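In the two assemblies presented below, chain A is common to both, partnered first by chain B and then by chain C.
Up next is the complex of A and B:
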């Protein structure tokens, strides 16, 4: 169990840092003048630039670790019993973090953030029936002056929800504390702090679209609007599917197949080593990276074809290849 | 790993070495945690412009005699008045024991700069901005300030002389930097 616990302590530390820095940012953040208030935080507030860097770099590290740990659990097939609940909590945490991360990015009020919000709000409001009503409730109408105020609240609520999911995972795994474990965590935090410092001080805008340094303008759609790196694979899947419902089904389905992995794996609990499963999982990992890279290059003529291929492979992997390969092994 | 082996070996000096490493690690962790937390705490302190506003410097050299200047500081109107030699002599001659709120000249004015009076320009009865900064304003019977709301009257040093108010005008915290400048706060 101690192996599963190691990511949890790092994730908890990063979530704690995000909560603390988020509370400080919330003191000065003004959703009615989002971009200007971020500039105020960067330039006027004592150490504001550093608190902002805590939040941005903490997010990058949190998503990096979450992706890496989920990928490792996939490779090691850690989603099967008795760890199936821990896996479900991990996927749930990722889902909460993805939504919170999108909201946090939108809150910056930059050009890329503004247009991401407009696209999402217009898409949600174009839906009919219950989905449209939920979209209307969530965004409160088309993206405008007051939208960010409610999204800031949802962002904070989701932050608390992420903490709650993490607490549930802790309860599930029941960590044992001992001097050795404490030292282990201390060493882990030291390495994490080192990586964090390098990222925060040398790459403070890592993975953020450059046009987000411009304020959002309803009359100007700049080139190069994209989402931050941790949302790109999902954005690629959403872009690959057509129609108002396509994006939503793509995003929900991409997370749902992850959650369904314990049932898609047809092998028994005794099967541990599997070369083909490992190779396929690595290929799937490359496919996710390719989705992200292609999503930033939407202007290329081949992009839509590539996105469709990569998105197809993403679902093909989970819905066909994994059941097939694991069922063949089980024989 | 030779270090670990040496630390765990028994023999003279290993205890102190282990203790040193424990204290060193603890100290480093404390410093690291402190330096992570400090920006989060310091960010809630007032920023530099607010700090400067809270310790405002006012030029008093441009105030004509027998006139007061108003500055907004800490949400309060501060009246800075330059007295004439005649007003100083008259104020010093007042028998303080007869006043509603006895205070002598030295208690109201910095002895090194006796011609400047610095007060919060709000009536001490009902809160109301006082009149009398300009020689053309109504100043009451004592040549100081008059409250337009309840009619309380103050002398040139801001001591209450008549009216519903019973306390002298509040003197804000301030210091003379030199003969031409004072710092509030």
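Up next is the complex of A and C:
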């Protein structure tokens, strides 16, 4: 059980940092002048630039660790019993983080954030029936300054939700403390803090679209998909499918197949590592990276074709290859 | 049109009088703010502020900056106040330490339809930052054959598309540097690029300084912690 606990302590430390820095940012954030208030935090608030860099870098590291841990669990088939609940909580945490991460990016009020919000709000409001009603409730109408005020609240609520999911995982895994575990935690904390310092102090804008340094403006249109790196694979899947419904189904489906992995794996609990499953999972990992890279390279004429291929492979892997390979191996 | 007047010159003369002449940063072109451990060259940024104030500020605002922020470049509070006192606001009164670097309120038609962008964060907003600003300010040439110029535009090899609505404003001796640095066009362009780099990221030097200490500390802590785990925890 200690093995599963290691990622949890790093994730908990980073979520704690994000909560603390987010509280400071929330004090000075003004949704009606979002971009200007971020400039105010960076220039006028005492050490505000530091808090902002912590928040941005904490997000980058949190997503990096969450993706790595989920991928490692996939490779080691850690999603099967008895760890199936830990896997379910992990996917749930990723879903909450993705939504909170998107909201946090939109709150910056830069040019890329402005257009991400306008596109999402217009898409959601164009839907009919219950989906449109949910979109109306979420965005409160076409994108405007008031939208950011309610999204700031949702961002904070989702942050608390992520903490709650982590707390549930802790309760499930019941950590034991011993000198060995403490030393282990200390080593992890030190290495994490080292990576964090390098990113926060020398690459504070790592993975952020450069166009977001411009204030949000109807006349400043980013070329292609301009989103932070941790949203790019999902954005690639959403872009590959046509229309607002295509985007929604793509994003929800991409997370849902991850959650469904314990049932898609047809092998019994006694099966150990399979070579083919490992190879396929690595190919899938490369496919996710390729999705993210292609999503930003929209000026390449073949981009939409490649995007469709990569998105197809993403679902093909979970819905066809994984059941097939694991069922063959169970024979 | 020329709203700023020359009291800033006097104030800056006080600041820079003791400083040595600038090092040659033009051949090859480099900035002290470049690189992972770079910091702002305060003397260059002060000279760049002089260029901004006497040339750029006639059209461009930098409204995220206040006159008190100049203290971070080495001016005393009195000197910054002296700079502000030389600036006339729209109602005729003098600027204060808390006044932002405003542009004159002129319609877009006064600029041939192209509104001059706010320069507060321009070094962060344009790919290439200081290098791009330098290249743009020194990039005016005659248009190559076969290029039809838009009305009111100037050919600039650094500008995307080659045609920019901003006229070539920097020329030799557009300002007089109190520290004796020759005010060539390239020197002015390099100095204002350093100033705008500071304006876009005022904490650049501090960030790198804290970062270096943090990296050294956590490297040592990592070594100790990993060694302790090997030895103690098995």
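Simple rule for what comes next: the second predicted complex is superposed on the first by the 327 of 331 C-alpha atoms of A that agree within 3 Å, B and C clash if a C-alpha of one lies under 4 Å from a C-alpha of the other, contacts with A are read in each partner's own complex, and residues count from 1 in each chain.
Note that in this section contacts are C-beta pairs under 8 Å (C-beta built on N, C-alpha and C of every residue); 3 or more make two chains touch, one makes a residue touch a chain.
Values in this document were obtained by computation on a predicted structure and should not be read as measured data.
With both structures placed on the common chain, the touch criterion links A:202 to chain C but leaves chain B unconnected. Between chain B and chain C, the partner in contact with more residues of chain A is C. Of the two partner chains, chain B is the only one that A:51 touches; chain C does not reach it. When the shared chain is aligned, chain B comes close enough to touch A:21, but chain C does not.
In the overlay built on the shared chain, the residue A:193 is in contact with chain B and with chain C. Of the two partner chains, neither chain B nor chain C is touched by A:217. Within chain A, the residues touched by chain B in the first complex and by chain C in the second are 50, 186, 190, 193. Of all residues in chain C, those touching chain A in their complex are 36, 64, 69, 120-121, 124-125, 127, 202-203, 207-208, 210-212, 214-215, 218-219, 221-222, 224-226, 228-229, 232-234. Of all the residues in chain A, the ones that touch chain C in their complex are 39, 42-43, 49-50, 53, 179-181, 183-184, 186-187, 189-191, 193-194, 197-198, 200-202, 204, 210, 213-214.
Looking at the complex, you find that chain A touches chain B at residues 17, 20-21, 24, 27, 44-48, 50-51, 54, 186, 190, 193.
Interface residues of chain B, counted against chain A in their complex, comprise 25, 29, 32, 36-40, 42-45, 47-49.
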